[in-house]
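Shared between the two complexes below is chain A, which pairs with chain B and chain C, respectively.
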Partner chain A sequence: MIVKLHLKKEIHVPVDAESISPDVFAGKLVEEIAELPLWKGNRKVPLKDVFGVEGISGKVTNELVIHIDGNLSKVQRIGSGMTDGEIRIAGDVGMHLGVEMKGGKITVEGNVGSWLGSSMKGGTIEVNKDAGDYIGAPYRGSTEGMRGGTITIHGNAGTEAGRYMKKGLIRIDGDVDQFVGIHLKKGAILVRGNADGRAGAFMTGGKIIICGHLKSLLPTFTIDSMKSKAKVEEEIIKEPFYLFIGDLAEHGSGKLYLAKNKNKHLETHEKLLQ
Partner chain B sequence: MKELLIKNGFVYDPLNKIDGETMDIAVRDGKIVEEVKKGKTIDASGMVVMPGGVDIHSHIAGAKVNSGRLLRPEDHYKDVELKTVLTRSGVGYSIPSTFTTGYRYSRMGWTTVMEPAMPPLKAKHTHEELNDTPMVDKGAYPLLGSNWFVLEYLRAKMYGECAAFVAWMMNATKGYAIKLVNPGGLEAWGFGRNVRDIDDPVPNFDITPREIIQGLCKVNQILNLPHTIHVHINNLGKPGNYVTTLETMRCVENLATDNKPIMHLTHCQFSAFAGEDWRTFKSASEEIAEYVNSHSHVTLDMGQIVFTNTTTMTADGPFQFTLYQITGNKWVNNDVETETSSGIVPFQYKRKNYVHATQWTIGLELALQIKDPWKILLTTDHPNAGPFTAYPKVITWLMSRKARDDVMKKVNKKTRRKAPLSAIDREYSLYEIAIATRAGQAKALGLESKGHLGVGADADISVYNLDPKKTNLADNPEAITKAFKKAAYTIKDGEIVVRDGEVVNSVNGRTYWVKVETQANLFEIEPELKRAFEKYYTVKYENYLVPQNFSAHQTPVTAKARIKS
Partner chain C sequence: MTLVKNVTCPICGTLCDDLEVEVEENSIVDVRNACAIGEAKFLNFTDPKHRNLKPLVRKGGELTEVSLDEAVERSAQILAHAQYPILYGWSCTSCQAIRVGIELAEEVGGVIDNTSTVCHGPSILSIQSVGIPTCTLGQVRHRADLVVYWASDPYSAHPRHIERYTSFSDGRFQESEWEHYVTRLRGVLGKKRLSRASARISMREVSIPPIADPKLPPEFETEKRKLIVVDVRKTRSAEIADFFIQVEPNRDFELLQALRLLVKDEELEVDKVAGVPVDLLEEFADILISCNFGIFFFGVGLTMSSGKHRNIDAAIALTKDLNYRTKFAIMPMRGHFNVAGANIVSTWQTGYPFAVDFSHGYPRYNPGETSAVDILQRDESDASLIIASDPVSNFPRNAAQNLVKNPMITIDPVVSPTTMMADVVIPSAFVGIEVEGTAYRMDCVPLPMKKIVEPPKICLPDEEILRRILLQVRQIRQTGGKA
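Entry: the complex of A and B
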C-alpha cells in the first residue's frame, strides 16, 4: 500500500505537517487524507492545498508506505510520533523529521534540517546526504534524549548530535560539527569522518567513536588505554584507537574512542600510559 | 441592572449551612440577592451549585514564577493553547502563562486565587502579572519572615513599631497577608547558612525563629488583618520535620483568643515527615492530625502531591538547594537583598519511588484524619506538589476510597505496606468538598463576600454537572473528576464566564490588598526607612512603593488596626 504525495508548488513559509504519518493515514481513504489539516504559516489548510495525493491507503499502519516528492525543506514534523510503517522522502526535508518516533522507518534521499529524530524511542532513520544540528536531541530545556532506535547519516552532521542520548545508535559517515555526544548517558555514536571538537562534553556514560581527526580534546578527558579495534553493535572497526574516559567534570565514565592514525596531536598522551 | 437566576440546583453552601438542598440562587448586578423578576435563567436541575472556588495558596505570579517559565521551555511546548476570538494564546503546563492561568482556573469553577510569596522588592512585577491574570480575583502575600526591619523591631520587642512597619509594607507592596517562609532561615541563607530549628538563633540578628513567628503573630493581631499569618515552617521537606511543625503550632498556642485561628500552616504535607533520613522516612500525619484535632488556633492546607513532572518553586532558598543536590536537575537560586531568597528546581514525582509515594499518602492522610474540614484546605501548593489543574483528581481521591485504592495498587510496595492511608475509610461528602475548596478557604482568608451564596455575597458561583441523587459518587470516581474538570457554568460577578468548560466571556478580576486604618501615622517611620534604603537597597525608596493605581482593578480591603501612636 503506497500513498504518494507530491508538492504542488514551491513553498516559502514553514509548513507544519504533523499529520503526515502512517499512524494518521492508516484506515483513511485517499480523499480523507487529502482533507487532513496542515499549518501553513499561521493558517490551517487541508493537505490537498499543499500536496497532490494519490495511491491506495491501507488499514494497518505497518503495511503503509508514504512516498513524498518535491523540495520539502520548509516542511516540518513529518512522521512525528509514528509507531510503524514507512516514509520515503525523495528530496530534501525540513526540521523535526521523525520527532519522538517510536517505530517504523524513514528514508531521505536528500538533506534534512535540524532536530532529526528528536527524543526518538525506536525505529530507524536513514539520510543519504547531510543532516542539520541536534540529531536525536531533546527539545530545549528537556533532558529526555534519544531512548532507542537507529539514525544513519551518509553525509555530514551539525552540532550537538545525540544530546542527552540514553539508548540507541547514531551513525554518521561524514564529518560532525562541535559537541558530538554532549550530555551522553548511554548508547553509541559512530563518526567515520572528522569531528570539529569538544566531543563528549558533559558525557557520563555511553560510547563515542571517531574514526577521523578530532580538532581538540576537552581537558576533562583522561587516557585509559590503547585499543586495537572498536565495536558498535555488530560492527567491528579494526584500527588502533586511543580510549579516553570522561567527562571528569561530571564524574563521568563515558568512553571516547579516537583513531590513533588520524590524531597525531594526541601522541603525548601515550606517555601517561607507561 | 443585570439579573440572573440559577434554578433548581443542588446547592452546597456550608457557610450558610445549606447541604444539597434544591434551591434557586438569584443574582443582580454582581451580587447575590433574595429574588429577581426577569433576566436570564440557568436551569441547574440535576446539577451541583457551589460558591466559586477559592485558592489560598497558589504560585501564579511574580519574579520566581516567571523565572520558572524561562527555565522550562520543555514544560510548555507540549501544552499549547491557541488564540480564540475571546481568549489569548498561551502555554501550560506546570507554570502556565498568566492569561492561561486565569482561563484554566475559571474552567474548573475557581474564582479567587492568592499568590502566596511576593518578595516586597518584586511587588511591582507581581502586580503586573496579577493584572494580566484574568477571570479570577487575586491577592498576594508579602514575604516578611526574614525582612531586616522586621527582625530588628522584633529583636527589640518593639511590636507597635513593627506593626506600623508591616502596615506600611502592606500599603507599599499592596499586599494581603503576612507570609513567613522558613522564618529567619532565609536571612541566614544570604550568608550560605540556615537555621536548624525554631530555637536556633539567626546569624547576625540574635533572634530565634520562635520569636519571629510569635512577634508577627502579635503584629497580625494588632493590625487585625483579614488573614492570619501564613507560615511555611523551618526544616520544610526534611525527614523528622514534624517535630518542628508541632513546635511551630505550639509556640503561638497561648496567643490565641476566643478559639479563632491565628496561624495558617501551609502545604502541611511537606511538614509532616517522620524518620531520621530518607531511608527511614515515614508519614507523621497521625501526630499532626492529633494535635490539630485538639486545637483550634491553626488552619492548614494540604499541598497534595500529584504524580507528574512539575516545577518546585519557593522562597525557601536553602530547601531548594537541597532539592537540587538530590535531583541534579537544573536550578535557580536567588538572594533577594535584605528581604528573602528563592529557588526553583524542576521535579518529577514518581509512583514507584518510596518517598514520593509516601508523600502522596501524607497529604491525603492529613485531609482525612483531621476531622474538621474547616481546618484543612485543599491545595497542591501549585506548582510545587502538582499543578492546580490536578484539583479535580485530588477532590476525587478525597471523595472516593475506590479512587485512592486504584492509585495505591500502582505505588511503591513499601509505601503500600506502611502507609496509614490504606486503613482510612473516610470519604468526603460534597458538603465537605465545598468547605475544603471554597467556604473554608474564604473564611481563613477573611474574605467576607466570598465562599458563600448568602444575600450580599459576590456572585461568584460554579455549577457542576454532577447529580449526587442519581449517582453514587464514591463508586464512580470518573464522574467526579469529569465534572470538576469542566464546570458546567462559572459565574464571576454575576456574568457567565464559562459554559461547559469553555471560556465564553473574558473578564478581569480584582486584586485585593489590605489598607490598614489606624490613628497612628504610618509615615512616621519614613525617614528611618529612607536612611536604610540608601544604605542597603539597590532601589530608591521612591521606586520601591507600588502606587495606588499601579495596575487596574486594585481593590483595597480595610483592616481596623490598634496601633498606638
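Entry: the complex of A and C
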C-alpha cells in the first residue's frame, strides 16, 4: 500500500505537515487524504494545494508506505508521533522530522533540518546525507530527550546531537559539530568521523564513541583506562581507545571513548595511568 | 529656562535615572550627569540630517513623500496579506508600544521577535533551562564586595555602570574605590606615555608589556571591594580592574567548567585551561569562594562566542556551585535601554520572551526555528515590520538580503540603512525624550521614561502608529481583504 505525494511547486513560506503520517493516513481514501489540513505560513490549506496525491491507502498503519518527492526543505513535522508504517523521502526535508516518533521507519535520500527525531521513543530513522542541529534533542526548556529507537546519519551532523538522551542509539558516519551528547544520561552515540569539541559536556551517564579526531577535550573529564575495542549494541570497533569519564562538574560517570590513533594531543593523559 | 530632574536616559540597559536636562523653548540646551553617549543623544537628536520627518512609500523604486494615513494604509495592506510576516525590533521603544506590537503580531499571524535574538537571546535560553540566581543592582551597589565582569566592557559600553552600581559607587556597606582606581589609571596612562616617548627618542620599537596579570596583586589580601575582568583582550575596564584574566577566544566554556571543578575542591589533570595556568585559576577560585557577596556580570562576548547558550549554562552553573560556599549572583549586561522590557512584556503577554510565532493562531516558541535571523536565512518570510532597530546593518548578509527583497515597513525616528531600504517609512517620536513610557533596567526593574520636549507634529509615538496600523488591519480582515 503506497501513497505517493509530490510537491506541486516550490514553496516560500514554511509548511507545517503534521498530518503527513501513516497513523493519520491509515483508514482514509486518497480523496480524504488530499483534504487533510496543513499550515502554510499563517493559512490553513488542504494537502492537495501543496502536494499531488496518488496511490492506494491502507486500513492498517503497518502496511502503509508514504513516498514523498520534491524539495521539502521548508516542510516541517512530517511523521510527527508516528507509531508504525514507513515514510520515504526522495529529496531534502525540513525541521522536526519524526518528532516524538514511537515506531515505524523513516528514510531520507537527501539532507534533513534540525530537531530530527526530537524526543523519539522508538522506530528507525535513516538519513543518507547531512542532518542539522539537535538530533533527538528535546524542545527548548524540556529535559525529555530521546528514549529509544535508532537514528543513522550517513553524512555529517550539527551541534548538540543526542541532548538529554536516555535510551537508544545515534550513529553518525561523518563529522559532528560541538556538544555531541550534551547532558547525555544513558544510551549511546557513535561518531565515525571527527568531532568539533566539547563532546559530552554536562553528561551524567551513557556512552559516546568518537572514532575520529576530537578538537579539544573538556578539562572536566578524567582518564580511566585504555581499551582495545569499543562496543555499541552488536557492533564491535576494534582499535585502541582512550576511555575518559565525566562530566566531573556534574558528578557524572559517562563514558567517552576517543580513538588513540587520531588523538595524539591526548597522549599527555597516558602518564596519569601509570 | 526650565530644569527637568530625575530624567531616565534612553541609551543602555543601565538606565541611569539621575539625569538633569535644561530646556529652553522646546529645545534641550544642557544635560548633566549623563555619560558621553547619553549626552550626545540628548543634544543631537533633532539633527535633521539623521531624522525621519516625512512618511515615505516606495513608488516606482523611489521613496516618495505621502500622507501619514497613506503610509499607515499601505503598511496595513502589506501585513494583512502576508503569509509569514516578521515584526522585529522593539528594544528601543516603550513597553506600551511593545504591548500593541504583540496584539498586531497576533492579528496578522506573524512572528514577533526582539533584538535579544542577536544579543542576549542565548542567556534567555540558558535561564530557561537552568534558572538564574540573580539580584537587583541596588543590592550589588550596597553589598557586593567582589565584582566580576566576564566578556563585557562596561567602561565603553555601559559607561556609568561601574560608577552607579559596582566598584565606584558608595554603598551602605561597601565603600567606593574610585580614588584608588583613578590613581592606578593615572599610573597606567603615565607608563604608556613614558614608553611611547622613550621609544620616539631612542628610535626603537615599543616593547609590549605582558597583557595578562601573571599573579595576584597584594591588595587582594585586604578587605576592600574588588573588581576582576575576564576577557579575550585588555579592555579599558580591564585596565582599571584589580585583576585581569585573559582567556583564549572562544574558550570561555572550558574556563567556566574548570572553575566549577576547582570550586568543588576537585583537581584538574591539565596545566592550562583556555590559556590560563591552573595555579592562577586555583587562586581565582579561592577569591570567588572567599568573598561575602559576589556578582558576575556577563556580556555579549559570552553569549555570541562559540558555545553561545552553553557558555551561559556553565556560568550559571558556576554561580549555583558558588552558592554552596558563599553568596553569589549573576546578571546579563543588557544592551539597549528597553531590551529587558521587550522580553518582559512578551513574556507576560504570550508566555515567551522572544521569537514568538503566531502563525497558527496561538503563541509558539522555538528559537532556531522561530527567531528572525533563522527565518530570514532560510528565506521563509514574505513581509516585515521593523521598529526601532537597524537589522540591515546588523544581520548576517544573506538574512539582510532576504529581508529587503520582501515588502518592509519601518517605524523609526532616525534614518538608518534599514529605513533607506524600506518600502514604507513612518517617522516616530523618541521614547524618553519626546514621548513618555516605561522601560526595564537590566535587572528587570521598571523605570518611567519622561517626556521632555514636544515632538515634531508628524512624529507620533510608536504606540499610536501601531494602533492605527492595527485598526486598519482589522478593517481589511473584516471586509475580506478589500479595504
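Worth pointing out:
Criterion: the second predicted complex is superposed on the first by the 274 of 274 C-alpha atoms of A that agree within 3 Å, B and C clash if a C-alpha of one lies under 4 Å from a C-alpha of the other, contacts with A are read in each partner's own complex, and residues count from 1 in each chain.
The criterion applied here is as follows: a residue touches a chain if its C-beta (ideal position, glycine included) is under 8 Å from a C-beta of that chain, and two chains touch if they have at least 3 such contacts.
Only a predicted model underlies this, so the values are computations on that prediction, with no experimental measurement involved.
Using the contact criterion defined above for the overlaid structures, shared-chain residue A:238 touches neither chain B nor chain C, since it reaches no partner. When the shared chain is aligned, chain C comes close enough to touch A:14, but chain B does not. When the two complexes are superposed, the chain touching more residues of chain A, out of chain B and chain C, is C. Of the two partner chains, chain C is the only one touched by A:201; chain B is not.
In the overlay built on the shared chain, the residue A:178 is in contact with chain C alone; chain B does not reach it. Within the superposed three-chain model, A:138 lies in touch with chain B and out of touch with chain C [touch as defined at top]. In the superposition on chain A, contact is made by A:95 with chain C only, not with chain B. When the shared chain is aligned, chain C comes close enough to touch A:220, but chain B does not. For the contact definition in use here, the residues of chain A common to its chain B contact set and its chain C contact set are 139-141, 143.
Of all the residues in chain B, the ones that touch chain A in their complex are 71-75, 77, 329-330. By the touch rule above, chain A contacts chain B in their complex via residues 138-144. Across the complex, chain C meets chain A through its residues 82-84, 108-110, 125, 128-129, 253-254, 257-258, 260-261, 264, 266, 268-270, 273, 306-307, 310, 313, 317, 358-361, 365-369, 378-382.
Of all residues in chain A, those touching chain C in their complex are 12-14, 16, 39-43, 73-74, 76, 95-96, 114-115, 133-134, 139-141, 143, 178-179, 182, 198, 201-202, 216, 218-220, 222-223, 247-249, 269, 272.
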